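One structure is given below, represented as structure tokens, and several questions about it will come after.
The chains carry the letters A, B and C, assigned in the order they are written, with residues numbered from 1 in each.
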Amino acid sequence: MTETVTRQPLGAGSDEVALITTGAEAFSPPRRPTQDLALVRHRRHRRTVDRVMTVALASCAAVAAVPLLSLLWTTLSHGLSRIDPTFFSQSMRGVAGVGGGALHAIWGSVLITLTATALAAPIGLGAALWLVEYADRSRSLLTTGLARAVRTVVGVTAGLPSIVAGLFVYALIALVAGPGYRSGLAGAVALAVIMTPVVESACEEVLARVPGELREGALALGAPRWRCVTSVVLPTARPGVISGVLLGVSRVVGETAPLLLVAGFTDSMNLNLLDGRMASLPVYIYSQWQNKGVAAAAYDARAWSAALVLVVLVLALNLTARLSARWATRKER
Amino acid sequence: MTAFADSLPVELDQSRLDESDEACSDGLVQLTPDDLSKLLTDDRLDPFPPSGLLPEVGAEPTDRVGPTDQLELHRSAQTAQSDRPAGLEQADVRRSRGGRWGDTTWRGLTLAAAVTTVLALGSVVAFLALEGAPATAGDATDLPAQAPDIWALTWPLLFGSVWVSTLALALAAPIGIGIALFSVLIARRRLGTWLGAAIDILAAVPSVVYGLWGLTVLAPLAARAYAWLAAHLGWVPILSGPASATGRTVLTAALVLSVMVLPLVASLSREVIRLVPSNLIEGALALGATRWETIRLVVLPQARSGVTAGVMLALGRALGETMAVAMVLSPTPFLISFHLLRSENPGTVASFIAQNFPEAHGLETNALIWLGLVLFALTFLVNSLARALVRPKGRTA
Amino acid sequence: MENTQIPAVGQEPAAASAARPTPTGPTKTRPWGASAAIGLALALALTACASNERPADPTGSTSSDSLSGTINAGGSSAQTAAQEAWRAGFQSAHGDVTVNYDPIGSGQGREGFAAGAYSLAGSDDAFKTADIATTEFTLCAPGTGIVEVPAYISPIVVAYNLPGLSDLKLDATAVAGLFTGQIQTWDDPAIAALNPGLELPTSAVTPVHRSDKSGTTGNFTDYLSQAAPDAWTAGRTETWPQELGGEAAEKTQGVRQAVTLAAGAVGYLDASQATGLGVAVLMVNGQPVPPSAAGATRTVAASQLEPGRGSADLVFAINRTPTEAGAYPLIMVSYLVGCQQYADSAQGALAQAYLAWAVSDAGQAAAAANAGSAALAADPALATRVGEAVDSVR
């Protein structure tokens, strides 16, 4: 099939074609036998290399699947044992050894992460908007200098190890509210420090990709810049912004070290962000694993079940991000 | 079954060449990028078709040409643009024209957000420096792990961090880039999407769970492999024994880290590879290059700086990884060693902080904060390098 | 690179869509709405009340319970399981009280207590007398001292992984040899001499120690330095001496895991966590002593209180070479630290009630069940002294 296809448009016997299409099946006779042989060999060699490399690239995916499946299997097989109503309706208050649940940790994770998002998303998006919509269009030295500073800072904080963020917020909180102050809010602040640059860089990327013609169109219609931003740029970039925010959320929802230091751990439900310790799923996993009583199996089971819940939660977040972005794209079309 | 090379560009071209046969009188016209892009107008609806440009045998052409439902940021931005200018109605505009205050407020708000980010980081650095400084000048006797002085503590840990992370990236980078190439250029679109989603699951697993997995699943397997390696390949300097019986060595830590940063390498590379202009890829294929040749001669050179930057960012992430390394690695303080299989391994900065902070007090805390600052400086350096790599081609808008 | 793509691509659809009607409001909010809906559904699936909390108490017995409030405590991670048992019991008795315990380590616990972060601290080491004199304890009434009582006494075991071998006997010198690298294989003559008739494997010894700073390491090295000063020269240290090498593991669970992983491994850890591992019988004065709560209590009984401390400041100088029969010397004594008199009397009442519960017979039994510790009641004289010290708190 392919041979007929190639010959017709390209014309038979053209030297140029033969030179160019050596590798494909588009080579055409007549030619001296030795040359043919060399070409055939060369072609075979190239095809072999191509196949080998294709298989190699495909096997990369297969190699990555091994730890993935192993991880999921381990988490599932260890974690399912405590996925029961009690696990989702009880806290650890008054529980020693067997029993108990992670309701307080799930609530803590949800509240702390939502608060961190409420802090980080506006700041990240705002900073991205300022950079893309104002700073990049300004010639003022001060503005461009500040813009460069903001970009450097974002690049730097994006690589900020979470343990360092934890140390910082721990010290900050100790300075402001005394060393014993632990609260969900403090944990949320620590997570927001980690999350803001993630949101910012994702948003900046999306905003920068909104075509200039769109803005120019809006401005040409007489809209002030802020109207252009709210009515044109932001709606256009919305799916990307949502993805960016959810990316930030999934980055921080599994963080252990900062929460351990500033949000602390408790056995009991606490829905008040401002007052008292608040448990969270990663800290729950860590403490159940690390601080076992005599009935060690019960602690292990709780740790793995919480890990399973956390993984499922993050996956659900990812799925929501994908679906919402897809709906948005469909609707716009 | 025919090899895919048989059906390479030719089949794709054919479906379109039929319509413009007269234009191709000399048989080579369609190979110039300009003409290719003209012919492929449909594809330009989707600037980054994940896999459609490299057709598989038997794939329906319409499958590839139609708009994808990929959730790409650039895609949505681009499709949406069609509606938006009209979305701004004249009445809206007129109403808001007088509202200069709106612009000022909006600008002020966003500026405040920008300044907040700078202040936040400024205070992180300032605070770490302030609290870390006493350890560098302080009395030597009170340092963690009875270190004679702060540098005797810092250098080996710094070495350990860099060594583990480099090993991890040496493992993760080829595989991650391979996955990206495979999912963008070779796999069918749906498979590519699924693969991307599957790899993203790895990113969703919290590091505590990686620690548990490394300890309970990976280390026992690794221990057996290490015993064999030490016995048979012990003459290689870094593989010499005695191999650790528990498998909790620097190589195991690097393996766990490499799985953890794999999604980052893969997704960043995927983004960059998608951005390689499709007409270049089309051109190479049309010229008869095989898929691998296209990748080697066109895609990789185009994507090199971006991919390198992605690997550097992943390196930065690996350097800062704490919990998993703390749980998996068996560290010996002050040790600088390249041996991969032994019980005695260099520690890493992040895990050293995590392990010693709880019991630290006084000057020890200062020393750990100082180490935090050092770690921060190191990741800063790596991230700056990554940023410098993408800048020349990146932000010009 | 990205810039080459988008502008070129944008033109065609833009032109095509100019005639289309504009999307209206609802579509804009759709993704947010969807996320919010999913979030809401998730939240509704979870009750905001844990079913095990606040057990309804219609009998009116709450009137007899005047206690309410929160106690924040923190410190020793070794006490975690015991604290869990104490908290569980205390909170069931007093529904309006919440007790938190941060297992962040003894050092942080003591510092947090001094700075006022914790109203109680759990610590593997007591405050030094010099520190008590100079430190200002924020929560304590000015001019009053602190109370330190032993509340968690637990044997530390030398655990090994030697398949098919169960009753290994070791003395302090052999233990030191295993951990310093003097003894390289399990069939070493030093071990064989202690275990006549036992068929020892030829496998290599993999010593596992704590990679973090810990009170367990402190007590273990303290035991070695006192019971085998010739073989162990590193002295008492809470951080493992790095020149000794060996396998390092994070926290008790890390050591347990590492020993479980490798045949030939040996480590030291809290007795309650050694289930499933071989546990060495220590030779003390030529007699084999298996680790037990009773053996731990005997060692405490044979130890002296540190001199120069107040009557409510009960700190032991542990005797690692007890002559009493059956005394197991490798133990950890962990303390509860509180104020003699709290500046806030309500806080004082809470702290007193909790301390009293922890050292009571019932509290100690709960800890023994959950954490495998030795109950104070096994040593009535000590239990009385501790009880008196706790009663003095206000």
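The rule is simple: a residue touches a chain if its C-beta (ideal position, glycine included) is under 8 Å from a C-beta of that chain, and two chains touch if they have at least 3 such contacts.
On a predicted model such as this, the values are computed, not experimentally measured, just so you know.
Engineer: Counting C-beta pairs in contact, which chain pair ranks first?
Structural biologist: So the chains sharing the most C-beta contacts are A-B.
Engineer: On a CA-centroid basis, which chain has its centre farthest from subunit A's?
Structural biologist: Computed centres place C farthest from subunit A.
Engineer: Please work out the Cα centroid separation of subunit B and subunit C, and write it as a whole number of Å.
Structural biologist: Inter-chain centre distance comes to 39 Å.
Engineer: On a C-alpha centroid basis, what's the spacing between subunit A and subunit C, in Å?
Structural biologist: It comes to 35 Å between the two C-alpha centres.
Engineer: Taking each chain's centre as the mean of its CA atoms, how far is subunit A from subunit B in angstrom?
Structural biologist: 11
Engineer: Residues of subunit C that contact two or more other chains, please.
Structural biologist: Each of 2, 6, 10, 14, 23, 77, 111 in subunit C touches at least two other chains.
Engineer: Using the touch definition from the top, which residues of subunit A touch two or more other chains?
Structural biologist: Within subunit A, residues 209, 211-213, 235, 238-239, 289, 325, 328, 332 contact more than one other chain.
Engineer: Which positions in subunit B touch two or more other chains at once?
Structural biologist: 74, 77-79, 81-83, 85, 87, 216, 397, in rising order.
Engineer: Where on subunit C is subunit B touching in the complex?
Structural biologist: That would be residues 1-6, 8-10, 12-14, 16-18, 20, 22-23, 77, 104-108, 110-111, 204, 206, 208, 211-214, 237-239, 242, 245-250, 254, 257-258, 261-265 of subunit C.
Engineer: Using the touch rule from the top, collect the residues of subunit A that touch subunit C in their complex.
Structural biologist: 88-91, 93-97, 100-101, 103-104, 106-107, 110, 178-182, 209, 211-213, 235, 238-239, 242, 264-269, 271, 276-277, 287, 289-296, 316, 320, 323-325, 327-328, 331-332
Engineer: Contact residues on subunit B for subunit C in the complex?
Structural biologist: For subunit B paired with subunit C, touching residues are 41, 44-45, 47-48, 74, 77-79, 81-83, 85-87, 89, 144-146, 215-216, 219-220, 223, 242, 244-248, 272, 275-277, 302, 306, 326-327, 330-335, 343-344, 347, 355-356, 358-361, 393-394, 396-397.
Engineer: Report the residues of subunit C in contact with subunit A in the complex, numbered from low to high.
Structural biologist: Residues in contact with subunit A: 2, 6-7, 10, 14, 23, 27-28, 30-32, 34-35, 38, 42-43, 45-53, 70, 72, 77, 80-81, 84-85, 87-89, 91-92, 98, 100, 102-103, 111-112, 115-118, 251-253, 272-273, 275, 366, 369-372.
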